[in-house]
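Presented sequentially are two complexes of chain A, the first with chain B as partner and the second with chain C.
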Partner chain A sequence: MAPAAKDIQVNENSPLFEKTGMLHKEFPSDFRQIRYFTLLIVQSAPPDIKEINLLEQQISEVIKNAVKHGNKCDPEKKVRVWYDFSPEHAHLIVEDEGPGFQDLEKWNEFNRKRQVLLEGNDFEALAEYVSFRGERADDNDGGNALFAALEYWDGGFVFNSKRNVVAMLKRFPKKRRGVKVESEK
Partner chain B sequence: MDLKIRKNGESYIIDVNGEMDLYNSYKLKELVMKMLEKKVERFIINLENVDYIDSSGIGALIYICSTIKKMGFKLVITNIHGSVKKVIELTKLMGYFPITPTIDDALKRMEA
Partner chain C sequence: MWDSIIKVLGGPLLAKLVLAAVLIEVFLFLRKKDTEGAMTGYALVSGFLALRDVVSAFLPNPALFGAGDLVFFGLLLFICIKPFRLGWPFWTIEGLGLVAFIALVLEASGLDLGLGADLLRLAALVPILGLLLLPLLFRAQADTTARSLSLKTWLPLTVGSTVYVVAGFLLGTGQPLFLLLVEPAFYGLLFAVALIFVDIIQGQLVSAVDYYEESVDSLYDLLLSTGTAMRSETFLQDVVDNMIRTVVDRTGADGGALLLADEFEETVSIRAICGAYPPPFKLPENLPKTQDRVVSFVRHARFKLGEGILGEVSRTGKHVFVPQAGPDSPLPDNGDEAWLKSGAFIASPLIVRDRIIGAVSVVKTGEGSFSERDFDRCKLLANFGSIAVANSFSFLEAAERSDIEREADIAADVQANLVPKKLPEVRGIAFGVFASSARGVCSDYYDVIPTKGDKAVVAVGDVAGKGVAASIVLVMVRSILQLITASTKDAATLLQWVNRGITGKVDLDHYATLCLAAVDSASGAVELANAGHQPAFICRAADGNLETVEAKSVPIGVERGTVYGSTRFALGEGDILVLYTDGIVETMNPQGKQYGRKNLGAVVQRARASSPSQIASRIEEDLLGFAGQTRPHDDRTVLVMKRSKA
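For the complex of A and B:
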């Protein structure tokens, strides 16, 4: 039996929205500086985090969504980011000033159909489900960022009720510590 | 991102150098569309020197792949590694894209 597709959750009461002890930055909605803003956040992550390039990429995607789809690149509107990193986790909360992710249910439905095709290795039919196109999507939108986000943020990826704040958690495997001892011959 | 084209037999290899991100992935799309206008039918996209890709880059590859498939022409994406491979795996599109480990494999697949 195929595993159930993961959904994007809406849960105002998720513990992932708890901001106590997290660092905080806010940025203007400047599309040109999305990767720069991301680097300002990621630089506080421990360098031994596994696949830090991938962490940077995933954070860049959520900031891009906030700047472009949330705030429509209006420089008067801010993106606020709370973040906390350790070698074992990355926890982020990203807030924009937009109307919220209105297509969330459509996206979940789309992803469920996509998952069925993936499980069946039906790559021909999958061609219609490789990118989610919201009503305001343009040619530069990949339409695939949230598929990866749901897989990457394995501790949860959840919106608030208004859907303009998203919280997420990534768990990293603990590194083995100690001295390697060669076995006796 | 820097794009270079070289020819091997009937195939055109596009060497992508740099990052495929939200600021430049459109360049690869535009290049392939221009090559299609010039009647190129066999494409190999070499990602050996790409260490970063985001959803715009994946979107560009999806657009290129679906366009070439619809036209009945051939495409292979090759030398995917590191976080680029990981991002494609996260989107679960490893089976959707025509991928080979090396350019030699890509050339053999073109002849198949």
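For the complex of A and C:
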């Protein structure tokens, strides 16, 4: 049986929205500066995090979504980011001033079908599900960023009820040296 | 009565008792080196012999003497057979001896059975003949000290005892020849047993010394091969390669493999292979049975903990020893090809403290076999080798940490060399600065560059990113600034030049906020240009009023053609201009609240009558008090300038 596809969740009360102790920055919705904003955020990540480039890429994608799809690149609208890093986790909350991600359910449905086709090796039908494109998508949207985000943010990827704030958590596995000897039962 | 005592003491009894006492002492001494009880047994039979001689001296009855002999030889047989299995042949012989013993006791008590006491005494030969069973039944079992002793003494004991019994029968036990020659010689036979025991112990010691010498040699090889590997760059691989080579060599195996526990999953993987190593696990059915494909598969094999024999060793930490191929072997059958057939097999876990970090396994192909010594050697090398592997892990982690620390040090050094050691004197303007680097970040920059007359350009910047990458951008910004500030261009143009100099020139992230203030101290005129930097603020001397100088702009590095504007204003006498980086206003307190511009402005207002360096110190005190034990996550810089009398 195919494993259940991961969904983007909507849960106003998710503990991932707890901002206490998190660093905070806000940026204008300037698409040209997304890389700069990302660097400012990742700057506080500890050097122990090994896949820092992947983390940067994923943070850049969510900020890009907020600037482009949330605030429609309106320079008067802000993107607010709360973030907290340790060698074991990366926690991020991104808020825009847009109307919210209205296609969320459609996206989840699209993802579920895509997953079923993928598990069933139905590559012909899968061609129709390569990328999700909302009504307002343009040619620069790959349509795949959210699939990767859902895989990457393994501690959760949750929207608030208005769907203009998304909180996410990534857990970094701790390196182990060896296995504890099992005691005799 | 006294006559009889004197007569007995005048005979050989005393000498025999002295001999018996010495024998007992010798056996009791040797008991310290004997863990199996044979020496205790010989001490007891020596004591019994002495008792028998004392009784016979006072009660010279041939039948009683014969009964004593029978008991003595029965005990001797028990001592010799006990290290092996006491089966029915032994109990049959001892049963026959018991029947003869009863007959002799009856004879001794005066009952005539018509067999004759002398003939009955030959029954002592029954347990002696039992000694002949030893080499027949237990020849190949000299694997303990007591068994070796039995197998080495059965022949002299059989021959000596037979001579003793037959001589007693032929000569009579009361004859001087028997008493003065045969009996003492028989005591000597027991001395021979003691000497053989000493010889066995000595042999074991020599063998143990040889074994430990070999073990020390193998450990030396292991430590040498794994220790010197640490010089190379790929040293972990070299350590495991050298280790498995040493284990294979020192156990006489045909091949072996070393596995390490994986870092993030509950699995172990083969990390090094040496020699011919037929897989001790079931190969997938669909794997082509060509030698290249199988070797390649084995070289990268991975097992869940508990999966297969190697996964089981890595889960339980228990050794596996298969001395030779056979129907009981737990190894799977992967096919008839000779290179797929495992023979003997040993697997030992690599354990450090209570953690299994991997396993080693060695094999012998075909009919080859491993001895207990090979198994012990493998265990020994696994024990010591696991320390070498664990040290390698520690070394790797230390090196990794050291790389991070070194980069942080380099970045800190670069930053420290870029900012002025001492702010230059500019007539009519006093400066104060508080700058603090966050470990590993080192991205803030400040400078005061005197230009012409009473003019200067003041710069405060913050590079996005951290470490050495940020330092490179810092160097570029400073170099360009130092070069262009001598020109007569305004601050906005200078900012544009810096931006053009940085943007698109190098293939690395090069974003930085930068605030430039061109100050004319004579007139108090200031032109302030800002590239995405925090808004500056002015604190007026007269009323402490705070004015924010804000300009919407993008940082340096976003677009090559960005045009920056500037704001012009004047500083009166005692007016203060404050430039700062985001690290100041975003400093968090333990409750997660940011310091903010409001707190910064309030400190400046309160301290506005002080010198700029005193104001900078007040800001530092207030900021550090606010942050408490919170770890700084960014560099913090604040530059305060105050117009004084020209």
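Here, the second predicted complex is superposed on the first by the 175 of 185 C-alpha atoms of A that agree within 3 Å, B and C clash if a C-alpha of one lies under 4 Å from a C-alpha of the other, contacts with A are read in each partner's own complex, and residues count from 1 in each chain.
We adopt the following convention: a residue touches a chain if its C-beta (ideal position, glycine included) is under 8 Å from a C-beta of that chain, and two chains touch if they have at least 3 such contacts.
Please read these numbers as outputs of a predicted model, since none were measured by experiment.
Engineer: According to the stated criteria, A:R35 is in contact with first (chain B), second (chain C), both, or neither; which is it?
Structural biologist: So A:R35 meets both chain B and chain C here.
Engineer: Answer with first, second, both or neither: which of chain B and chain C does A:L118 touch in the superposed model?
Structural biologist: first
Engineer: Give one of first, second, both or neither to describe whether A:P47 is in contact with chain B, with chain C, with both, or with none.
Structural biologist: second
Engineer: A:E95 contacts which: chain B (first), chain C (second), both, neither?
Structural biologist: neither
Engineer: Where does A:Q57 make contact in the superposed view: on chain B (first), on chain C (second), on both, or on neither?
Structural biologist: first
Engineer: Scan A:S131 for contacts with chain B and chain C and give back first, second, both or neither.
Structural biologist: Only chain B; A:S131 stays clear of chain C.
Engineer: Mind working out whether A:D103 is in touch with chain B, chain C, both or neither, as first, second, both or neither?
Structural biologist: In the superposition, A:D103 touches no partner, neither chain B nor chain C.
Engineer: When the two structures are overlaid on chain A, which partner does A:A145 contact: first (chain B), second (chain C), both, or neither?
Structural biologist: Once the two structures are laid over each other on A, A:A145 reaches chain B alone.
Engineer: Which parts of chain A are touched by chain B and by chain C alike?
Structural biologist: 32, 35
Engineer: Once bound in the complex, which stretches of chain A touch chain B?
Structural biologist: Going through chain A, the ones touching chain B are 31-32, 34-35, 51, 53-54, 57, 60-61, 64, 118, 121, 123, 126-127, 130-131, 139-145, 147-148, 151-152.
Engineer: Quick one: which bits of chain B touch chain A in the complex? Just the residue numbers, please.
Structural biologist: Checking each residue of chain B against chain A gives 21-23, 25-26, 51-60, 62, 66, 69, 82-83, 86-87, 90-93, 95-96.
Engineer: Over in the complex, which chain C residues touch chain A? Could you list them?
Structural biologist: 261, 263-264, 266, 305, 314-317, 351-352, 354-358, 390, 393, 404, 407-408, 440-441, 443, 464-467, 509, 511, 532, 552, 554-555, 557-559, 582, 586, 588, 592, 594, 633-634
Engineer: Which of the residues in chain A end up touching chain C in this complex?
Structural biologist: Result: residues 19-25, 28, 30, 32-33, 35-36, 39-40, 43-44, 47-48, 173, 175-182 of chain A touch chain C.
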